[in-house]
Amino acid sequence: MSDQSKQAEIVRQSLKRRYRKERRFRAYGIIAIAIALSALVVLFADIIGKGHSAFIKTTITMDVDIDGEMMYLDDASDERQMKMADFVEPLIQALMREIPGAGESDRDAVRDLLNPYASNQLRDALKEYPDLLGTTQTMELLSHTNVDVYVKHAGDDNYSIKLNQQQREWVDQLVEKGVVDTSFNDVFFSRGDSRDPSRAGILGAIVGSLLTMAVTLVLSFPIGVAAAIYLEEFAPQNKLTDFIEVNINNLAAVPSIIFGLLGLAVFINLFGMPRSVPVVGGLVLTLMTLPTIIISSRAAIKSVPPSIREAAEGIGASKMQVVLHHVLPLALPGMLTGSIIGMAQALGETAPLLLIGMVAFIVDVPGGFLDSATVLPVQVFLWAGSPELAFIERASAAIMVLLAFLISMNALAIWMRKRLERRW
Amino acid sequence: MNTMNTTVTKEAAMPDETPVPVQEERPAETIIQEGATVGTPFADDPKFKLRNVEVFYGQDRAIKNISLDIARNEVIAFIGPSGCGKSTFLRCLNRMNDSIDICRVKGDLHLDDENIYDPKRDVVELRARVGMVFQKPNPFPKSIYDNVAYGPRIHGLANRKSDLDDIVENSLRKAGLWEEAKDRLDATATGMSGGQQQRLCIARAIAVSPEVILMDEPCSALDPIATAKVEELIAEMSESYTIVIVTHSMQQAARVSHRTAYFHLGHLVEVNETNKVFTAPEHELTESYITGRFG
Amino acid sequence: MNTMNTTVTKEAAMPDETPVPVQEERPAETIIQEGATVGTPFADDPKFKLRNVEVFYGQDRAIKNISLDIARNEVIAFIGPSGCGKSTFLRCLNRMNDSIDICRVKGDLHLDDENIYDPKRDVVELRARVGMVFQKPNPFPKSIYDNVAYGPRIHGLANRKSDLDDIVENSLRKAGLWEEAKDRLDATATGMSGGQQQRLCIARAIAVSPEVILMDEPCSALDPIATAKVEELIAEMSESYTIVIVTHSMQQAARVSHRTAYFHLGHLVEVNETNKVFTAPEHELTESYITGRFG
Amino acid sequence: MQAANLFLVTIVLALVAYVLGYARSRSLATPLGGIRHLKSLPFYYGARAALWCGIPALIVLGLWAAFQGKVIQLLVVGSLPAEMIPDSEGAASLLLSKISNVASGALPPGFAEPPIVEAAERLTALRAQSRWYMTALVVAVAVLAGFLGWIRIQPRLNARAQVEKTLKWIFFACAALAILTTLGIIFSVAFETIRFFGKISFVEFFFGTQWSPQTALRADQVAAEGAFGMVPLFTGTLLISAIAMLVAVPVGLLSAIYLSEYASRRVRGIVKPLLELLAGIPTVVYGFFAALTVAPFISNFAASLGIDASSQSALAAGGVMGIMIIPFVSSLSDDVINAVPQTLRDGSLALGATQSETMKKVIFPAALPGIMGGILLAVSRAIGETMIVVMAAGLAANLTANPLESVTTVTVQIVTLLTGDQEFDSAKTLAAFALGAMLFLATLALNVLALHIVRKYREQYE
Amino acid sequence: RDTISIVGSSTVYPFATVVAERFGSNTDFPTPKLESTGSGGGLKLFCQGIGTQHPDITNASRRMKPSEFDLCQSNGVEDITEFRIGSDGIVIASSRDADNLELTLEQLFLALGKEVPSPDDESKLVPNPYEKWSDIDASLPNVAIRVMGPPPTSGTRDSFNELALQGGCEDLPAVADMDEDQMESVCQSIREDGAFIEAGENDNLIVQKLIDDDSMYGVFGYSFLEENSDRLQAATLNGKVPTAEAIAADDYPVARSLFFYVKKAHVGVVPGIKEYAAEFTGVGAMGPNGYLKTVGLIVPPRDALMDLQDKAENLPNLSKDELM
């Protein structure tokens, strides 16, 4: 007894020291989490800080005299004439009118405020409505990238302003008058890539991503589920299935770039499939995502309690009936969740696509699985490598779009897991 | 009742005494003769005729040369300490062991003179004839109706919806669940109480009109009231079915079965009239078990 | 021995008879009066003084207003059907429930007149005084020596290596393991047999010189021989420690304990001399349980 | 009909076969006294008929679609006047492309020679014909095979067994795809690697400390001989991976411990998905962040301390990679820690150990093998990570251990060597495949080892 | 295939992409697809053969070599039209925050050559011993020699080797009496000890890295300098600052011409090739006020432009003699 109380005393005395250690250990944990979470916050803040301005475009709105004489055009429905017509002149004239101080010698400086493709806007309008010839129309035209940068980032020393002093004063005046204005950047969402930052958009990349993902989904989900069912329910214990299993586990951890090498050597060089197309991208990503889907589907199948299987088998259901009638419906939510997460990974994947040529300069929005295309993350990569800061801004914006896709996919997966998961 | 208590008291009164080390010097292996079952393991014109059955899990021999007949329309109870192979043996009777990769069954097992383990034999049909009820109630996460209708559906027992309705009603009636369930046939089965679920599982097994029903500790997860109901049901069913029941409760075996088989470490030690097993066990091990000296 | 068998026979002889539906019309809830325990729950100068204890898991009330005294150096056994709250109640005594998020304990629980659940009270110190042994042997994956030395080390009970050696040797001796283990103190504990592991866990608990030892079904994972050894050990230890043991085997309770407490659905139904509980239970429910009518 | 449409038609035909098979089996059953006298359910007779109908038709369709282009090309080209028949494969594909561009109207017909215009018309006609034949053949096969399947339906037929067997084979084929993929990987790196070692010696590749793959492209171009020693690449890779692990392991492990042992359910519910979010961010985004934000920050910060730091320091790439790997480490550790049985925890707590003592002295040692396995997996990931290093690490193969200097990695070199220039015969492009092979082997070895450790560890507590 | 496929020089890439984009938006043809592979890589792909899997056009920042012409011929690419589209200077640039270099070509060779005359004995060649610029000449900055440049697939690299390195090396006494081949191999070998860093084909990346790192110098085309003139500065070579005028007037010592080559066999097969050539050589693109000028191309004089337009019209064949 005295032994017991003596020891109790010793224990009591050691407590203070031990609790200090306890608190320190806890603090380490909290610090670790804080580090991880602050990295997340910094990353998001950085990207949003860099990219939010890309969602704004700068336009020039003015009355344009669509004067046939000035444009060497007297019939806008005549294709030959349209080819030869000068669509720039009316725009320069109109803008000169808005800048009272500008003289004839300033023509070039004034023209450089307009987007090089502004004249196409006028041409396209005339093509569609030849009757506009000879009228005066209020047109909203894209400004030059330099103007865009100046309007959005004047005073930010990360950006270099490429307008001269004179041009800056003009732009300030035009902003004052409301001729130069900013608005939501619909161009960014409705066009493909461009060498001109203010005309560059991500629609091409989004469509490319969707096409690629469609291929991946259509192939990887059914194949993955079928493979998981086979391995979990039917595979006999033998060398072959062991080997398949080891293979799948390893493939899940093989670096993605290796799949790029595979795609290059097999699909492009061996099968002679074209470079840069969504089909090949989708195939490569399918091979890459399959292991993930198989593994999560197997986990979902495993989580179906054996008692359900026994019950069905006990009544005389065949193995396949047990699987298709009972196991599959119960495991499906888990399989879907795993597949969504696998697809999200594939959507963000870049490296293997670089090797199969999805890194070209492609302006047209792809219209099919065999058209040249890039995908969102590759577009980010391409823009991030551009020296113009206006492209960095767009790369950040593209990242925001990509993350929006990914977060909503993950949220969907979490929601499904919460919603559909059955507890046994 | 008092008599029993007295018995226990004998031991309870001497808690400080060293408990008798059971067969310390004579391990169970040596006092059991392999394949030699005491009592009356055989019957005329049996439903099941099982000879020299051995079951292996990989290298482990879980069932050691057991021979036994199970008569038509009898209720036979399997008892024995945990891990002695009761469930394993039971599951041989409808080849539920097939799904365990490492499990191999040897010996002759015949149901109505047909070899159960004939490689050409269709297990689906076998299981339709030999139904099974498990320890934990395991209804499908579907409606009550669909649970019962599942078997008839996959076996094509009903041509029309009304046939199926009849089968479902009959089975639920037989399982004593019709009154409780008839108004909520569309409710999911997992919402029922444990006892109701177990009776539903019985109804599900009955629905395919099996000839034999195997039950592996069907009451061990149930409360006393539900247990009583299931036992009542077993008594009723014994009129039309052959029933094999594994139980860890000697009292239950005593209450429901006609014959009792005592298993020990994979051996079938003794088979006798239930009455006899509990009053005058022939084998030393059976007696030790019955009197609670181990287990 | 025969007397008992006769008792069982009474029921075994009528297997076809409808089993008595236990309390069908009088569910257990109604025949137990909350907080009113039959027998002798109280003691003078108790080690533990527990009053109006209630335990909640979230919304579920797992322990319902239990009051009980545990005397010094007594062995008290908790019995009752599965899920009745034996483990839960036991774990209140050294606040092992703290680690379960949703678990809340109400009531007055005193150890030597100190409130166990005082917010300012230190659980580390409490647990050093109230040791615990679990159902499944849980040796740490370390050497035998390190297992036993673990407690003394973290509490700083030994200043020198030789002190520690002494503690380890003593504890292993007390647990009856010294002879078997002395030559392989550096071997990992997980390589031992189940029974040895459990005795090692007891040695580990003894090593910090607790005043009380709680045991939650310490033999349920052991074979009969190992069980016998542990029971023997309990008998020896009862000289210097207060022991609270949960068991699902009535025989075991009868063999090792001085007093027995019968739990039912979170209620403490009856506490009495072990002798009395097994020969002449005062409460109807206790009797039903003892005679095997359920559970 | 287009192949895609024909595919749909085949599916529809198979459905029809299903319905007919179903009906036939039922009508066969009626005189016998109900479907219980059939060997299988009507559903299976239907499904069997559908498989009979669909599978051969789809095979025919696939073969036709695969070979029709080649055949038509031969026919069209063969019909041209002798002097226009192309003499090389390239010319043939060119000619065909021209013909098909004329046929599709992408080239104005006025542009092309009359034989070409004729050929274009012929092409159009042949294509139409081919589609027609294909349609006819596929439909015929479907109907015929479907009919055969249908007519053979009889009550004793075990349709279920057959259908299930077919399905099982299909499932097996899907699972076996994993082997094909691995073979594909081996195939795609092995040949080029062998050719590479035909040009560059093993010794130079494995032990050379110079990496500078400048080989001359043409005979008359003067360039350096090129050095292909992969040592600096692997040390660079390891340096960056080591930095990543230095960030990821402590942070990941401690977060996992805190979340599993200390955090309340609510905190866990919020923090865990946030950590997982880190894992869901595409690597190109981390690369962007590392190259444009972290790297300049580090080099400016170092400069302000008077230390010389490269603008593409290994530290930037490695640090950001570490952030990416945090959730990987934490979720693996979480798994492993949770796999340690609660009883051990209880055992320690019941002796009066504090939580941190329990963690440090019992759980952690017990979980250590599993955690090591997890970390190995994370290392293999770090080694194979590409975009972060492509964007943020350097191209110069420096042999250095200084984290402030710039190093290059295996993956960076693969991308650099292969983007754009995809000719397969210079040692330079072959080097990319040799590196790929090394990368594959290294990560494979790590993975096998790690998966083995983790599995063994899990089994220990199962 | 109905889309033009263009490969080749990364120097020409920014001009070609602008032309391609204009071409796509001003005509009904699809916008050509462009990959930047370097002049050498591009020519190699281009000469691989005819057929839709091979590119139609390749850009180059140097003239096709006779050996490449032979390769083309042997692979059936017989008829080729060459377009010389302007000039480009090769500059040695650094961040505006770095010390600017004022180099002679000789100093440049001493900095980057693989084997250079020994500092002690002018007539002996030794592996390049110089580690810092100031080791070569005290007037140069005291920083380690680290120059990023294009790989051998690149035309910029070829031109740099020929014009800058060989230009600075030819007159050294150690090589003066070697035969031509020997001299070439000495003068055009770049050191491989890490001072010269082979960057990829993407010149933008070099620009990016220069801006980040003050101690680095980079070799690339003039247009990239102009595009980033607010952040980069150029070293003077032999006292000449690279300006558009100086390059056009051949005053700056390291200036070369830019080209693109059209595979005639594909004209009339892949739609729009001729039109693309016309767009490239049109006044709108290459005229004195053309859009290519605004993106930094040093455009050819008026009469040369007329020639180009004729070529786009007639697509004359390139002959090997012209290349010799």
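First chain written, first letter: the chains are A, B, C, D and E, and each begins at residue 1.
The criterion applied here is as follows: a contact is a pair of C-beta atoms (placed from the backbone, for glycine too) under 8 Å apart; a residue touches a chain by one contact, two chains touch by 3 or more.
Composition by chain, UniProt nomenclature: A = Phosphate transport system permease protein PstA; B, C = Phosphate ABC transporter ATP-binding protein, PhoT family; D = Phosphate transport system permease protein.
Quick caveat, the model's predicted, so the values are computed rather than measured.
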item	value
Those chains which touch subunit D and also touch subunit A	B, C, E
Shortest chain-hopping distance from subunit A out to subunit E	1
Interchain contact steps from subunit D to subunit E (minimum; 1 if touching)	1
Higher-contact pair (C-beta pairs counted), C-D versus A-C	C-D
Farthest chain (mean CA position) relative to subunit B	E
Chain closest to the middle, measuring from C-alpha centroids that were averaged per chain	D
Distance between the centres, which are taken as Cα means, of subunit B and subunit A, whole angstrom	60
Subunit B and subunit E: spacing of chain centres that average the CA atoms, whole Å	87
Chain centre separation in whole Å, for subunit D relative to subunit B (CA means)	50
Residues of subunit A whose C-beta touches two or more other chains	11, 18, 318-319, 357, 359, 385
Residues of subunit D touching at least two other chains	291, 352, 354, 357, 419, 422
Contacts with two or more other chains, residues of subunit B listed in rising order	154-155
Complex contacts: residues of subunit D adjacent to subunit A	160, 164, 167-168, 170-172, 174-179, 181-182, 184-185, 187-189, 192, 250-255, 257-259, 261-262, 271, 273-278, 280-289, 291-293, 323, 326-327, 330, 352, 354-357, 359-360, 377, 380-381, 383-387, 390-391, 411, 414-415, 418-419, 422, 424, 432-433, 436, 439-440, 443-444, 447-448, 450-451
Interfacial residue positions of subunit A with respect to subunit E in the complex	108, 112, 116-117, 120, 160, 162, 194-196, 272, 274, 276, 357, 359-364, 372, 385-388
Residues of subunit D defined as touching subunit E within the complex	88-95, 97-98, 101, 104, 106-107, 111-112, 210, 212-224, 227, 291, 295-296, 299, 308, 310-312, 394-398, 416, 419-423
Touching residues (chain side subunit B, partner subunit A) in the complex	94, 96, 99, 101-102, 123-128, 131-134, 136, 138-141, 150-151, 154-155, 201, 204-205, 208
Complex contacts: residues of subunit D adjacent to subunit C	264-265, 341, 343-354, 357, 361-362, 365-366
